[in-house]
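The two complexes that follow have chain A in common; it is paired with chain B in the first and with chain C in the second.
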Partner chain A sequence: MTSATLHSDATRQQADAWRRQTSLRRFYTALGIGLLLVAMCATMWFADEANAGHFFDRLPHLLDFLSWLIPKDWNDVWRALFDIASPNDKGTQEFNFPLGRVYVWGGFYIPEYFELMLTTVNVALVSTFIGFVFAVPFSFIAARNLTPSPVLRLVVKRFMELLRAFPEIVIAGLFAAIVSIGPVAAIIAIGLHSIGALGKLFYEINENIDMRPEEGLRAVGANWFERVRFAGLPQVLPNFMSYTLLRIEINVRISTIMGAVGGGGIGEELKLSISRGFGAKTLALVLLLFITIFLVDQFSAWLRRKLVGEQAFLMSA
Partner chain B sequence: MSASAATLEIRGVSRRFGKNTAVSDINISIPRGQMVGVIGRSGAGKSTLLRMVNRLIDPSQGSIFFDGAEVSSLQGSPLRRWQRDCAMIFQQFNLVPRLDVLTNVLLGRLNHRSTFSNLLGMFTRTECAEAVAALERLDIARTALQPAGTLSGGQQQRVAIARAMMQQPKVLLADEPIASLDPLNAKVVMDSLRDINQREGITVITNLHTLDTARAYCNRIIGMAAGKVVFDGAPEDLDRDAVRTVYGADASGAEISEAITSTSVTIKPKILASAGPLEPAFPGY
Partner chain C sequence: MAITVEEIAAIEDRHPQIFRRPAYKRFWPLLLIAGTLLYLGYALWFFSLPQVLRESHWERLPLFLSQWISYDLQPEFRLDQPQITPKYPRFSALGENPNPDWVIQNPDGTFTVQIDGDAKSVTFDKTKATITANGVTVPVALTSGKPVVTGPVPDWVTVHDDEIVAKMGFAGEVRVTVDRVKVRKRFLGWANFVFDTRSPFFGRPYSEVVSLIVSGPELQPGTSNLSLAADNIWNNAQWQHGDVWTKLLQTIVMAFLGTLLGGIVAFPLAFFAARNITPSGILSQVLKRFFDFMRSVDMLIWALFFTRAFGPGPLAGSAAIFFTEIGTLGKTYSEALENIDDKPREGVLSTGANGLLVQRYGVLPEVIPVFISQTLYQWESNTRGATIIGAVGAGGIGLKLWEAMRTNSNWANVFYMVLLTLLVVFIFDNISNFLRRRLSRTLHDYNRLQAERG
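Moving on to the complex of A and B:
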């Protein structure tokens, strides 16, 4: 005798109903996956048809770029990175490394690419700062539990949505027409987008705070600014910082891309050297970018752990 | 009106939440310097009543007067000034856990100062000294530099009292101040409230869950049931019938034993002996 036969009819009926329901759910899942596959294949085919180059025809040429990217002399990568004269220099722009030197004083110079990288990182830092400064007050107005007025809340929320809605490149294009091409247009574009992006994350943090301190200060007779400053900010600041550091990481990447569309910095140089097929220069730039982004990410991860880790400890105490 | 100086008058106050009436048509007059205990079952409207006095909640009907002036219609900065004069402490203390104790106490001064200097957190030396003195009076000055969230419940409630005192209030409201505390801390907190009441002459109105605390500390007890005042008198008048009107009897008709909820540290041993013959619920009566 198995134990199943011992159960009552009602129990068995319920078990059967559950199994029917489960198999139905599995069927729908399988159907969904099947439809997704069909849709994907169809899209691929459509894209291939519509693409002038034809994806499958061009696939064998995938690795063609290696022919120009791999330098004849690997040492040229280092020379390009540090602006050291190359013996391969024949007067063309491909190997004119020392020309980029940015002299600070006497014989001391900053290599061109490091200077450009600095510009790019600077654009990211300044625009994140702009984003933070505006996102903090906006986030308190936009939070349901802290807002001073529901109407103002909606206005600010819609405004931040608007800022988020346009990709940075679109805003940069707009401002490049006004303030001309260069880092300023990039800063404005990334800064505006950061206000919207950080503001949304911030106000969602604000909506989750413990309201008892706020009630306590309300009972003291504190006004809105004082309640936000003393009951809100201490609770949310560690999380704000954490998201801001994350935003710095993102903005370094974005400001690189901005360079490629005329926002100055290292992206511009990278695009130029790729389009001209300068292998050593391209590799040097990619290497520098890779190291910088790695360092920024590591540093911000470490700082975030320190910030949030300490606060998590405080909260549990 | 007939109100003498610094009398708190609650006239025909009701409060509805949707279809529920939390407080209905309450009329109370509390002269300056009384220590009032509000008792009643959970949901009787005690908290709502206190919150309406401090204006954390607005009354649906009726009005509240203090010192002859209506406070239930105030808005903006006069409202905040009234909230400053009418300090409140809470069951969950409502401190800012991440700020240190001294800052929490100093926050009681917010309404005495300009917003600008508040936002920069610039408190004067005198104010800091006052804050430390307030902490000393409650015997927790040594915790001044710790984050408030790291303190025990009893200590946090004392910080909340210190913050309330920094407001230099005329009325002190306490919403279940000892409901989350152990008996010893409950005694410390209630002793401080009585001390504030007797030394400074500040009116204290406190919601309480424990009858014996109300009897021991208050010189007037208000009993609430289903949003209405069903008892209002001296502790001596709170007899068995009055208690039954406030709390009702349980299904078996048994009455409430004060010993069950008592937070007294010197509880009489004979009340604990439940195996013996039935004893009157209130041995004193």
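Moving on to the complex of A and C:
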């Protein structure tokens, strides 16, 4: 009898404690969500106030805005893409497709938009290469377990942090004034940013390697370079490659945006085309950009899966 | 202990996968390097890099960088007027009626401008000028219709047809013609950072400003000195503190709002896209392709479209980040859902709970930390991305930065904004890192508990 009472007392106490705990937790969750909602409404109001056109004023006109996008003749999209003369051409810039041809060899030409897309992709590839080349040695210096000197490690780490956080458009703007506006300034800006971004990911990989090969090499008297080359690099290279491929995906996007602010390439043409309301040209550019980014993403995903398996798809947590 | 040839052969036989690898496996690193080099050669030609580098102006780099942290004053002295008087450009950093102590009118009627004390200075009247720098004194005669250096010309002085230019490094330069002397003197620091030249507080020492604010008479009748000072700082014409900070807030808001809304929309969609949860395989495929579409139609395209739809401003930027994030977060959320442990779900299902309750108690506790962690990560990267997006008109600090840079003269303002941006990125990185570390600890504990229970 007494034991049963005790038992039920203990159970009740436990149940009470549990209830108190959960109610407190629920209260905090509700408070958190409430605060988030308040912040969301406040920022929405702020963004709407600060904008040139207001959300509810512009909403009914959203479809008007889409209407210029629909070309009168859908074939113009293909003609714009491949620089084929359009019968709608009345001497305006809207339909002057063949003027942009880039002649490579005699009568053989690359359509303008493909050339621009190529520029954008090349900017992304070259800047990723720059990032990779510098990030690899930096990452070995910045890794706690492999660094040749703690002071140097700190310097390199801070330097990479600075490169990562520095707004790319400022670097691009600075170099636009030095090497003239265009893709080279964009390469420098994106390349510098990539050094910081890749360097951080790389040194985090380096810090998680198996140190036994390194000890073995140290035991036979290998110097720092040999230890890094033969004990570090083989372990981390697949992961390095995987992150570099991921970086290529990101850099293609950044390079497009850089183009829109003067870095050359397809971004510039897209911005012009949208601001002038050229429906067919815009659609052709969006289509080309969409397909390119999609293909780059798929190719890089395929290659990453081959290199490091499913692990490649876990984003850094 | 030396191994014999037979032993080596035996080891080779035992491990053929190491010693006799197929040719393509042995040579692919070499091929990769050769391919990269070929590509780089092509890129060199594609961007005509040698020509671009040849035509670039690297000498501008130190000049621009020095402008980030310094400002200059450019007084001009007309010699063809009856009275020599210093003239300053309009909106010079000294305000109206400047009378700086480094411009000295000597008793004998000549003027001396000290560019770096007496060691780098110029003294002149209507007939002659004497430039001193680097321990050398260069006399210039102005009487023969064009400026003539009498004596040897040091290498820091350039003699043009009608002008003599003396460069004095960071400190500035002197330009002399027969009818005017032009001086540029450079100062380290940011001019008029707190009060601009129109402010009644301009040029007063800080102690005086403080005492004016605390107990001084009203400088502008009807407003307290404190609110006047605050208004003057906020509306500083040169540094535009008010505008810069508002734009910075816009950038933060864009990243926050875009990521949050993207998360809210992606959250329910991810359940229908996850292969192990969705009621229909077709729906899953459709949603996944939709996520890919939202991601592949780049943030730039969304930004340009919404800028045209809503006009330039943070609304367009938020909408652009929102649309991109639906894709990115939808993809990562649904991948997280596909990787869950199915046992809690089966357990809840076996009690007869309906579909919604199964998700709430069988799935959510497992994925919520992952979801929040991914969202924070995206928030962090969008805070950086919002800066660039701004430059195409989507609001925020980006456009302001871009406009300040285009003139090539406002590098100090650019640096001010860069410092603020760096500060914001730094703060948000740390907040996001802190929250994610706490979450990953929760995740870690959860995994450990799971492991202990078997």
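Details
As a convention for this text, the second predicted complex is superposed on the first by the 287 of 317 C-alpha atoms of A that agree within 3 Å, B and C clash if a C-alpha of one lies under 4 Å from a C-alpha of the other, contacts with A are read in each partner's own complex, and residues count from 1 in each chain.
Just so it is clear, contacts are C-beta pairs under 8 Å (C-beta built on N, C-alpha and C of every residue); 3 or more make two chains touch, one makes a residue touch a chain.
On a predicted model such as this, the values are computed, not experimentally measured, just so you know.
When both complexes are superposed on chain A, chain B and chain C occupy overlapping space and clash.
In the overlay built on the shared chain, the residue A:G34 is in contact with neither chain B nor chain C. When both complexes are overlaid on chain A, the residue A:F230 reaches chain B alone and has no touch with chain C.
Looking at the shared chain after the overlay, A:A219 reaches chain B, while chain C stays out of its contact range. Touch criterion met: A:F55 reaches chain C, while chain B stays clear of it.
When both complexes are overlaid on chain A, the residue A:P167 reaches chain C alone and has no touch with chain B. Greater residue coverage of chain A by touch, when chain B is weighed against chain C, goes to C. By the touch criterion defined above, A:P87 reaches neither chain B nor chain C. With the shared chain A as the reference for superposition, chain C clashes with chain B in the stretch 133-141, and the other listed options (133-141, 223-231 or 241-249) are free of clashes. Shared contact residues of chain A, touching chain B in one structure and chain C in the other: 315, 317. Considering their complex, residues 36, 39-40, 43, 46-47, 49, 52-53, 55-58, 60-61, 64, 246, 249-250, 253-254, 256-257, 260-261, 292-293, 295-301, 304-305, 308-318, 332, 335, 370, 373-374, 377, 384, 387-389, 391-392, 395, 398, 401-402, 405-406, 408, 414, 418, 421-422, 425-426, 429, 436, 440, 443 of chain C touch chain A. On the side of chain B, the complex with chain A involves touching residues 54, 56, 77, 80-84, 87-88, 90, 92-99, 103, 107-108, 110-111, 115, 118-119, 147, 149-150, 160, 163, 167. Residues of chain A touching chain B in their complex: 210, 212-213, 215-223, 225-226, 229-231, 234-235, 311, 314-315, 317.
Contacts from chain A toward chain C in the complex involve residues 36, 39-40, 43-44, 46-48, 50-55, 58, 61-62, 65, 118-119, 122, 125-126, 129, 162, 165-170, 173-174, 176-180, 182-184, 187, 253-254, 256-258, 260-261, 267, 270-271, 274-275, 286, 289-290, 293-294, 297, 313, 315-317.
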